[in-house]
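Look at the two complexes coming up: chain A is in both, with chain B in one and chain C in the other.
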Partner chain A sequence: MTFRDRYYLALLNIRKSKFKSILFVLTTLIFFLILSIFFTAKKSVEDFFNDYLNSDFSNRIIAVEVGENDRNDIVNQIEKLNNKHISKVFHSNYELFLQAKIESEDNKINGYASLYGNYDGINYTINYGHDIENDNEIICSSSFYPGNYDNETSDSLFELSKYLNSNFKISYNKDKIDIDSISGDWNIDTIEEYSKNLKLVGTFDIKEDLTQYNMCYVSSEMLENILNSNKVFENKEDEKIFFDGLPALVLVDKYENVQNIINELNNMSYNAYLAYELDTESIQSVFNIINVLTIIIVIFSLVSTYLFLKNSLKENKEIIYFYKTMGYYDKDIKGIIMWQFVTLLIITFLINILAIIILKPIVEYILGKYPLYSVLSIHISIFETLLFCFLTIIIILVLINIYMKKLSNKI
Partner chain B sequence: MNLENINKVYYMKKNLQVLKDISVSFKKGKFYAIMGASGSGKTTLINILGLLISYTSGTYTIDGINVSNMSNNDKDVFRGKNIGFIFQSFYLNERLTALENVLIATFINKELNRKERKQVARNILIKLGLKDRLNHYPSQLSGGEQQRVAIARALVNDPMIILADEPTGNLDEKNEKEIFNILKEISTSDKIVIVVSHNPIIKRYCDVLYTMNKGILKEVKHDF
Partner chain C sequence: MIYYKSIFNKYILKIGIIIFFLYLMIFSLYNAFNQINKNLETIKNKWEYRTINIVPNDDINIENDLKKFKNTIEEYYSDSNSNLKYTITFKNYKNVEQFLKKNVNHYKVIEKYDYQETNESKVLIIVKVIIKIINVLLLILLSIFSIQIVSKLSKDIALYKLIGYSQNKIITFIIINLYIYYFLLFLFSILTFFYTIKLYNILFYSFYKLNYLLNANNYVFIWKLSNIPIILSFIIIIFKIRRYEPIKLINSIN
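Presenting the complex of A and B:
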């Protein structure tokens, strides 16, 4: 019997038992959908964290403990290593960024942003405009949400591409720091207020870079100039107390090189560690719950498929007998029944994929309304669903073989 | 077809012997009828003759070949080429036309291509008087016509043996006669036709009549 003949008869059986076929598709579809949602949720969250680890440069910053007397020496020594994977060494986090007030010309945007320097190891994906070329230029996240803004819904997220080539007023203070050596009290006085007009020349994609919503980049030279002059200390002792306990920071070019650099620094007798450790334990426990639930559903759905199929085969006994009377080989009959169920499974799989594809933008739209979740991209997990589909097919094959063998033995 | 001391026992809590020492020969060109009450073992015998179920003991040979030496595949091949089955409930697929119902029996015939198989199926239906019913669905056919389609399906691979289990069980008197006439005619073309039936009219058509009672087969002499 040719494949075409087998498939023809399989389709006939599907049409003949239309109700049962629809029931099979619907039942399997429910399992497929639940599993697809689980797989997709897991993949999306996993991918998000993987992307986050690689994209957000804060995961590539190593803290190196320093004493106040050797801070400069250690920074110099690390710089002298000339390690190509070390992009920048900061004396402390006060060199890393500047918290500044940011205002658009139309004053609609008015809040606080973190300004970072565009160092080599900091990568971002420009989605509108171009990268910084001059000191008076700035780029910010395309979905912008300045700090201190009251409303936290997406309505307050600004689409910054509309502000391209317009000027933003950046304001920051020069502070005088006076620390009482006896009481230890800090006294910070603003001695001067500065502002600069920077032109928004580009925006970066926050979904690609997974950064904060109120983040901007300026030229590293300009940032260094500002940061070097925006603090004055009453005396040298105050400066030491101010920076005491703050580690030096090392920016690494890629996440994959972070551990090597930590090892290298530790081998040099420094105490180096990841500056911002991600809470992987709670993430892992979420994954564990998803894994357990997935396994339960997979087992439950496979058992259900098994029972449904077993029952269906028993009911097909008459038709199998009829095929036998016509001299059909066992392998032909197996082929017919197999294709009958495989066809239904393929239909289920396709409906499932279609449903997920339709659901994806809806879920993304809903998530997009909330700044906290809007960076989460939905990654459809076709592979795992396909794997489950194959598992079900294997069960079908095994069961058909067992059943036909049993039937042959009876005969 | 030669059966010697064939026994069939279903091993259950209480063993059930369905056939007892059946010894019989079936020869080409003859119409055999087996009559008997329900549960007497007629269908079991038909299933053994059709190589659908095995027997517990005894010897069954076809053309000198011992059936017990055949593998399941051999049996399938043999059945497909040499045995045609006719059932009381016709076993027609409601979603297929008369022609398609016959055609599915030709799927095992590797010697013919699709076109030739279709032609063979068409010819056999025409021969059985269903020229105008080729593209009708079973629901559009009378009981007699449906059984003729089933007979066409049994004959389409030109088998040597025709086994019919209560072929007129669902038919009226007129159609009964018609079907028995067809079966009689088939037997004259050098084929073995074995019919299991309750219907006493069969006596008028068969060459050899057997009765089956509690698993024991006996030949009945009668005037034809």
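Presenting the complex of A and C:
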């Protein structure tokens, strides 16, 4: 009997027992869907946390205690290390970003944003427009929520791609700081209000970069110029008190290099530590729950599928008896039954892929309706389901062999 | 004895094993669901969300209010300089709102951190939704297998009819038998689940300790949910019983 004959008879069996075949496809499809949904979710969550560690640069900032030392000396010494993994050294967190008022030309966007410099090591993925090329340019998160201070429509999340190439007015204060050396009282007076018009040339993907909704980047030179001139101190002593206790900050290129840099700085007798301690315990707990669920789902799916396949095979007893009565060899009967199940499994697998491809945009649309939950990018994972499909085929081959042997002994 | 033939049908017993595993899977997912809720509560119950700084109005004796809430307060102290500002830490973040609502005109709240969802908590909420979707798929599987059990009973029903049982009597004892069968499977899976967690914790304690977080209410809820496919299969029996005539036995090879 040729392969073609066996395959033809397998298809004939499927067609003859239409209801049973549909039921088989439906049942295995649900098993496949459970695995596909679970492993897609697992991959998405794992990718999310890996990105979370690397994309959010606050996880890569090291604080270095200044103490009684000269702040400039410490910054110079760290810069002199010429460590390729150190992207930038800041005197304090006042050099890191500027909180500024942001207004669109139509005044619909009217709130506060955090402006950061586009230093090396601060990565973002431009999804509309282009990166900053000049000092008068700005890029912001594509889904923008400009704080809830002055914004009357504070519940709105703005799609900034619609505002590309339009001007935004950025306003910030120049403050005079006077600290009373006896009482310790701080007097901060605004002596001047500045504003600049910056052109929105691009937006970055907030889902890829996992930043705040009111975050923007400007050229690092321009930010440094603003930050160097937006504070005036009454005297040198006030400046010292103002920055007293604030650590210098070191930006590292990748999360995996953070610990090495901390060790290197500690070896130089500095007190260095992670500036924003990440709650890795809760992340680890999410991973543990997912890992245990993986074990449970895989074991139960395999056992249930095995039992289901065994039952489905027994339901073909009548067909097998029929072929035996007709004088077919065992080898041929095995081939027919095998191709019958393999065809059904392949059909199931293809329907499963189709269902997942259709489901993905639907889920993304639903998540998009709730912007606060749209942090998760869905990354489809088919490999595990494909592996499960192969395992199912192997199980069915083993079961067919065992079953045929049993039947031969009986007859 | 013939009453129990429908239950001791070999095929039904085998499908019963699959249903038993489906129950185990539902329990495990529900347990994970409760674990996520517990983790979310831990995040929400951080010290900063349970602590408020307040200043009592002039005519208010704060000690009276604090006495009323003494069971919910972990600690409190007043500002050593002014004796006006009180810092109160509650045992649970929910107690903060309760305290402020009950004493709305008594205090001026100086400092209070409202809970803001972190990226971890958002992801945990999404995982909860995925667990719910998988549970729905498992219930669909349970429906398919319950319907398969019912369809396998056609020959038994035909046999009972041949012997002379009335339709009502057949329906009654099949439904009662099957319901007891599902309930026993459910109870057996509860026991297995309980001991599986114990065994897991003995073997893999160092890797990750599993908490047993299902209570009686959770089991009642799962049982009620799993009744939907079971009752669906019973409805199918009631509607199809007329079609199962003794003539069907002629086609039976077994």
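Criterion: the second predicted complex is superposed on the first by the 345 of 411 C-alpha atoms of A that agree within 3 Å, B and C clash if a C-alpha of one lies under 4 Å from a C-alpha of the other, contacts with A are read in each partner's own complex, and residues count from 1 in each chain.
In this section, a residue touches a chain if its C-beta (ideal position, glycine included) is under 8 Å from a C-beta of that chain, and two chains touch if they have at least 3 such contacts.
Just so you know, these numbers come straight off a predicted model, no measurement behind them.
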With both complexes superposed on chain A, which partner does A:A41 reach: first (chain B), second (chain C), both or neither? second
Which superposed partner A:S285 touches (first chain B, second chain C, both, neither): second
First (chain B), second (chain C), both or neither touched by A:N311: second
Larger contact residue set on chain A - chain B or chain C: C
Which of the two partners, first being chain B and second being chain C, lies in contact with A:D5: first, second, both, or neither? first
Considering only the touch criterion stated at the top, classify A:N110 as touching first (chain B), second (chain C), both, or neither. neither
Residues of chain A that sit at the chain B interface in one complex and at the chain C interface in the other, please. 321
Residue ranges of chain C in contact with chain A within the complex: 11, 14-15, 17-18, 21-22, 24-25, 28-29, 32, 35-36, 39, 42-43, 117-120, 122-127, 130, 133-134, 137-138, 140-141, 144-145, 148, 208, 210, 253
How about chain A: which of its residues touch chain C in the complex? 23, 26-27, 30-31, 33-34, 37-38, 41, 45, 48-49, 52, 210, 279, 282-283, 285-286, 288-293, 296-297, 300, 303-304, 307-308, 310-311, 314, 317-318, 321, 367, 372-373, 375-376
Touch list for chain A against partner chain B, complex: 1-2, 5, 9, 12, 15-16, 321-322, 324-330, 332, 408, 410-411
Applying the document's contact rule, which stretches of chain B touch chain A when the two form their complex? 50, 52-54, 72-73, 76-81, 83, 85, 87, 91, 93-96, 104-105, 107-108, 153, 157
